[in-house]
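Sharing a structure, written as structure tokens. Questions coming.
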């Protein structure tokens, strides 16, 4: 008899990837998938990749979820808190949304509407001490996709004191699934194929999460929409505080992390190599001209950036090995 | 203690996908991966999606393979026969190449160089009687990617006598991984992105295999290169021999097939929904204007069209459940 | 002093391409661009590729258009007739929509809502006699994108009596711009990238137009959505009535056509080679297995399939050389 | 009688785009296109988008070129100097390669083999004073694609003293045509579609050119390969020297530049909007968190980044209006 899990908001892209991972998970039994506007429809009508799953969407609400041992919330940002408050304390919860990530209510207020919902244990197990914290928690706010990508690249360098925290410059490009499945003209295939374009330049709502998770005190973050369905590639640069080999710091930080891989010297990350997996690939060097530290990080925004991250946290929260039901290997080419 | 398996020709795209599937297979132990020109290199240098696998390519030859219980041959067409002949009889073999598929030496001679290597059990378990035949065989020639896509759409209609066998028209578009990883200018990303182009029009080497597997006696087959890494979509049309609902015939044919899915009426196949999976999705209708039967079939050319197909056969040959280590669910979007 | 032209419905993809072509046309002066929901906005807010054009959308209606010598209607299907009826007889009109293409009201009624608007001169100048007919007309219904692609491949073979008209099978794949810029979830970049999928299988509204334009009496037409912004590739097969080299028939038909090119033997069309141009590339052969004639045709659905076609017609209607302001050369790679 | 122009190295991507632009240029007569390994072949065999051009490649060498009034050199980096030395002084030359761009022989020696070829007038007419310098020159080294993209974004800010020159951070992503048409496995469509990956991180050969052209004294430059055939998007950040609106500086710098466009506030550049054009689109802001200036620049690497740039220079060198034969409007979607 497995652990009973449910997904709220299962009609979105992160929700669909969660269902895929849970369908193949050996210890989780998927007992409910809710979706407000698709209640009553077969899951495969929305997610044709799950044809054969034999599951039907139910309406989102505590009734559909309270029976589970663990609930994943894959709702739009700002919608998790109300639903979470209605779930019994006995139900463990992993929130894929932004609602419970920020410790600072002011940072929340600057970028989001509505009251700050409170702060849950941050779901990025590779941060120092965080694996144990997640394992001990009943409520976990899984790291966001951009934040996970940047944090895995940067946090060890700041923690080790080798990178200055006050002048970090990040440019990160994401596949289009990061923008969700709501029909918007600027996300049409005709618009995005063959195109690169930045957005929310100079003022992105994920800046506070990244600063909180990395320890950066000054962060210039420019996100770019890239012509591919999945994947994030972050180029992170920071001034060194002294001579350092950033590869040594990263290698030490992730020596025991099953999903975060420092690539062999000379081999740089490819987002395609992480597709469908829970892997994050890293590489680092020192810039010849300026001496800046450059770390490049790649992951699947729906994998280690969302659904995979959430399952990894759920594994820890339920006492399973961290890697259960998750692949470190991408689907490529 | 698992079943010992090895892959010859593991540096190609089908080989890489085989390694990925075998790395996650619960009953197969991957003991060797050979690659002529990459011997001595880590597998992840060629397949960065397999970073962390900790395997090194060895030279292709019987020495590296004879120790396995089952060997997968993922070599270029025409190279399997010589190597297979050097393997002990006790080693089961699944050939992903074309060498042992054709029953007719003349058909072989028309499209390939060198002598005909002989005919092995055809590895498409969904054909009538073929699941048992594969399970009983020590040597299996896994169906080719185009042949699998077209055969799953067409064979039941010809077998049931509802489609005329002498005037089948197929147009099938494939992602670029079907053309292999040898560097050729016309396969550069700059050339293929944004482009559709047919090739080998009117005379494709896979026509004899498709005719043999489907029972078609006249087949016009036009392959098209499509701007995506993976996936085949085949549009198969045939004249009906009388009034028929092709959906009923297909539903009956695949009632017990775990990987072949007739979609609900009105829902048409998407190649993206099969990415990374061993699924084949089908839909059919009768053309309003001509009365022709139209069946559309989609699969992942490296999954059900190659590596997944081969693992499915290997499962049967070693007494495992057909679905072991294979997912019916695609990675989408 | 140039010829005054205006575009109604200029906010769509065909409208945007029209504006681009007209901005570079040496003899047409663009005096108005209308767009119902974007009136008052600069054109470049909707079409950033036209930054610098310095034009503002006005509301769609006869007032904005009656002052032009020639009006292009790039409205949704079914919207042209009402507007056209309000334009003075002295204004020449090219309709890019389907409203005035069909001669048979029953065919219209089968696929479209509303009354049949009447039949205008068919705007595909490469058909026999049609160049002169277009030049003499004041109202022209430019050929649709699929119809143009298929007709240029097929009409000469039926006209020459070398292809049977009653059993034509066509599979044609189109880039996503053919589906328009209205925001729909199934057209999101996340959905279409990496995906091939057929639609309206067995009953497409363009079948009557293709039959009318080609002389085909039986036509199985399967359209496929392809992961690229532009381009149509049509694979057209028909039974021959006797021994024939289809290349000779096509070469003769297009000896004097500046935009339709039979490629050298052995070279097959690439949609990418026609991007941004008014070219249509053709190649043909006889299928080795069935003897069917196979013709493959490629063009830019927004070029020779829409805006370029319309400008070509407008050139003829205003006494200009057919090629004015149009390029036969694609933008590639 | 037009100005006689020739292209050396016309079989590459930049060469093909040059031929396309020259075929449509009203004042240039294309008299020769040379290509070492394709001599004797029709141009359309290599560039199918130029079908109908009716030109044949000749062997690269002074004999084929000396008869022209102006020669474009589109050769691999390091090959221009030898050929240029053999051309008569009376022949004007525009070099699209890197050979004659750098003023500092040491910078050349650090990244390229062979002796430094000397320094020609730098072909980026939008730099202060450079339009006149190009117009007066007989030998021009057209700006490289990355350098043009970054320089147009950054040079005015450094020249105006509002951006610190010593700590510039640039991440720039390019379509695959920037990597040329030589067949290499890592540039296959199967590898690049769906993938983002950086390369030459921390030590790129274009750093000296960018520093020279912009006045930057410290430049961290990370190039990324993006899954599209064309386009460069550069994100340029620099510390301000004081309070400044970077839009004002850019607006003033390009008030009279026909091809460089500062977009309206709030609208950010899209590479797709520049496809096939000679346009460069810019937008700028001040980062909320760090106060850094952020300028984003987009252009077509084969257009304003190569062939279009070269034609713009050639126009100036021959006394034509700068814009002759060049479009400021992109082909989109």
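Note that the chains are named A, B, C and D in the order they appear, and that numbering of residues resets to 1 at the start of each chain.
Quick note on the criterion: a residue touches a chain if its C-beta (ideal position, glycine included) is under 8 Å from a C-beta of that chain, and two chains touch if they have at least 3 such contacts.
All of these numbers come straight from a predicted model, not from anything done at the bench.
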Partner chains that subunit B and subunit D have in common = A, C
Task = Name the chain pair with more contacting C-beta pairs, choosing from C-D and A-D.
result = A-D
Ask   = Based on the averaged CA atom positions, which chain is farthest from subunit B?
value = D
Key: Whole-Å gap between the CA centroids of subunit A and subunit C   = 44
Whole-Å gap separating subunit A and subunit D, where each centre is the average of the chain's CA atoms = 38
Key: Shared interface positions of subunit A, touching two or more other chains   = 13, 175, 177, 181, 188, 190-191, 193-194, 227-230, 270, 272-273, 275, 333
Ask   = Where on subunit B does subunit C make contact in their complex?
value = 167, 169, 171, 173, 175, 188, 190-191, 193-199, 201-203, 207, 211, 218-222, 224, 226-231, 233, 235, 237, 268-273, 275, 283, 285-290, 292, 294, 296, 298, 333
Ask   = Across the complex, what residues on subunit A touch subunit B?
value = 13, 16, 20, 23-24, 42, 44-45, 47-53, 177, 181, 193-194, 229-230, 258, 261, 263-264, 267, 270, 272-277, 279, 281, 327-333
Request  = Show which residues of subunit A lie in contact with subunit C when the two form their complex.
outcome  = 13, 175-177, 179, 181-185, 187-194, 227-229
